[in-house]
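Below you'll find the structure, written out as structure tokens, and then a few comments.
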């Protein structure tokens, strides 16, 4: 081996190893986003918080079943409970009650995603590499949307599996398309959150400003939804035409409306309690318009981010 | 003008300036040192933003700390550049002129004057957010000379200026110096300092390592041998001759550029001897120089 | 690459062109940033000079393939700047002027991430990041968060992230900005060592002409969007007639007069430096000077072929 010298030359040498062709950088960026997310311990806690409705229902159903099977007199009570329980609505509730934790998760993952890069001038690093604006934005976006998607899908599937194995005779499988429908609405929710948070993040250079802004929008619009719901419920659904539509004019409202429309329910009170015609029963909006609105909002915020990321200004 | 006597300043346990004594006279004085040597601390002491922990600083015989009488006669151009980015350069300078206590009319004429003097008159109506680093430096200088102060302190004022801008800036400093102003400039860039002034203050780890005229300082540093470079096509012959001189300490061959480099303790005797090589002994020498006589090598000698 | 021929003299005949720009015009609205500019950047280290707003930045952006030129064309390493921006950026490393890093990462994490962004496989990127950081003098601090770095270290890490994927062309924008004398020297040595003999071509844009002189072989001067001067620094600095600068220990009028009596042209001294012009070869001129000095009681402290400073070259190009 003639090329082994006793003393190695440790000064600068060139790198001649493999280089991947441009076009796959978004995955590098997304991977990095996810890696940073997984380092945050609070995220793991929020995952459980976001599934709280499913978890509570699992416990409730488990005990109801235990009690009724050991006590024959309870079978009647069980039957009544099961009749009140609208299965698709349990998924609607699981989905709805996950939205606030999802907001917090989206902020944790996404508020700083572009804002911090703005502060540190990181765009100069990204865009001087073979990585363009499209890949940058898509990578950041996937890095937020994918974790949200997983966090929402897993408890849904677990709950579905438990229900499908245990409560078939109580009409759990009446709608065979229930799971596929949920698997349509959950990605829409992930897209919705990721798009908004990316757009807002791109407008700031401090993560906390972006967080405050998104949280502000979320709570203000939510208050509006509660107001509309209150008017609707107090008039027993007899209010003039726009109220039941305006009920859905909020971050939560759009997603809940879309969920109702897709799984085809008008909603019921949570935990199968006796229904009092509350605001959880505002009728579902039409599928196409509500999905249109959700996608439009997502696209608008992605476009904001697109405008804010400036590729040409890369030096000076 | 500025009298510093045994001034020290600590920040908690960190020392910024350690027992500095010096008097700064009218004219341009350069403040040199590595990052963290205490240059900015010294400037902040002189501008009265902080008080010395021990010792004293007097500007026109007064303590500068929280003393508006001193501020009236002092202009300061800090290193950081943070402005009200949404204002134009003119608005910014005008605003500071009002803060300095000028009337609206006075502030307007004075703003126009200083913007003209720093060469920004034609560009001052753009928003500060769009300024280049050089333009920002000019605006900072403009606000420092606004109230025609007698003492001007400039922290890294040449950063970001292009060569033309640097030249204009320096000649402007000379004009100010000729008007009898006391100017203290901190800088990293030694060749520029050389063009600006001969009078330096060199800080190192908080201590004042040297102060005064560059050439005088160089003469004091005799513990270091001086280097001399000789260009010749016969390096070994010339070296053989020179190594016999008792005051020549070392001879090296420069393989890359050719010629030799030697070190001598007695520069005078050496240069008195050198002509004999060419005029009497017929060696071929095409050039020689002593690379040590610049600020950069003095700087290195002093801090190493 | 400059090849050494048999006589040991460097020959530039086979210089390979790294970037070639022809008749390039770039307009932003009404503003013409580059005006029918043509230039060739050969292998080695090239300095890019010009006053603020002259189009240097636009030229760098053009080389990176970011600019959509109004007319004209250009290639960087045989790739078209109008269509192959991505492929060009894979071969280029940029060290921007401003502070920049990716937040929330250690130095190693940052540099290997930069490597992955350039297309390196993750394992290679990590290995190479360690190597490059060591080389840039950040070996000790590589596990620290970049946000805690000092100015000098931030400059180094910018160089490291530009070098990680082994670029063939390195663009450095004001690489010594904010560095103290020692830091600047180390940075210049670093740049010089990658650009000479390591197959990395470098373009340095800087306002500090002595820095350019230290690391570059050639310069191009861009003024008002046009190429004003280009050439090797050595050639540009040459003075017509090759006069010599004679430095005396102290000014001596008799010395100058006696030289002039001997038929040499002596310009009025700057301090204690006299510029002497003659037809003689330098070693003969030195003999004359030394004899005259002995006769007039002067002591010669320096004798060199006079050259212009790069600053003079630049200012001349500016006023031409």
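Going in written order, the chains are labelled A, B and C, and every chain counts its residues from 1.
Here is the rule we go by: a contact is a pair of C-beta atoms (placed from the backbone, for glycine too) under 8 Å apart; a residue touches a chain by one contact, two chains touch by 3 or more.
The shown structure was predicted, so the numbers you read here are calculated from the model rather than taken from an experiment.
K.L.:
What is the shape of the graph in which nodes denote protein chains and edges denote touching chain pairs (line, ring, star, complete, other)?
P.N.:
If you draw each chain as a dot and join those that touch, you get an open line.
K.L.:
Taking each chain's centre as the average of its Cα atoms, which chain lies closest to the overall Cα centroid?
P.N.:
The chain sitting closest to the overall C-alpha centre is C.
K.L.:
Distance-wise, how many Å sit between the C-alpha centres of chain A and chain B, to the nearest whole number?
P.N.:
Their C-alpha centroids are separated by 59 Å.
K.L.:
So, what's the distance in Å between the C-alpha centres of chain C and chain A?
P.N.:
52
K.L.:
So how far apart, in whole Å, are chain B and chain C when each is placed at the average of its C-alpha atoms?
P.N.:
Roughly 24 Å separates the two chain centres.
K.L.:
Got the chain A residues that touch at least 2 other chains?
P.N.:
In chain A, 316 touch at least two other chains.
K.L.:
Listing for chain B: what residues touch at least two other chains?
P.N.:
Correct list: 132.
K.L.:
So which stretches of chain C touch two or more other chains?
P.N.:
Residues of chain C touching two or more partner chains: there are none.
K.L.:
Note which residues of chain C are touching chain A in the complex, please.
P.N.:
Residues in contact with chain A: 57, 60-61, 64, 66-67, 85-87, 89-90, 92-94, 96-104, 113-114, 116-121, 124, 128, 131, 134-135, 147, 161-166, 173, 193-194, 198-200.
K.L.:
Within the complex, which stretch of chain C touches chain B?
P.N.:
Residue positions touching the partner: 49-53, 150-152, 177-184, 207-210, 244, 247, 249, 282-283, 286-287, 290-291, 293-294, 299-305, 311, 314-315, 318.
K.L.:
How about chain A: which of its residues touch chain C in the complex?
P.N.:
10-22, 25, 28-29, 32, 36, 112, 116-117, 119-132, 311-312, 314-316
K.L.:
Name, in rising order, each residue of chain B that touches chain C in their complex.
P.N.:
By the definition above, chain B touches chain C via 33-35, 132, 134-135, 159-167, 188-191, 267-268, 271-272, 274-275, 278-279, 284-290, 296, 299-300.
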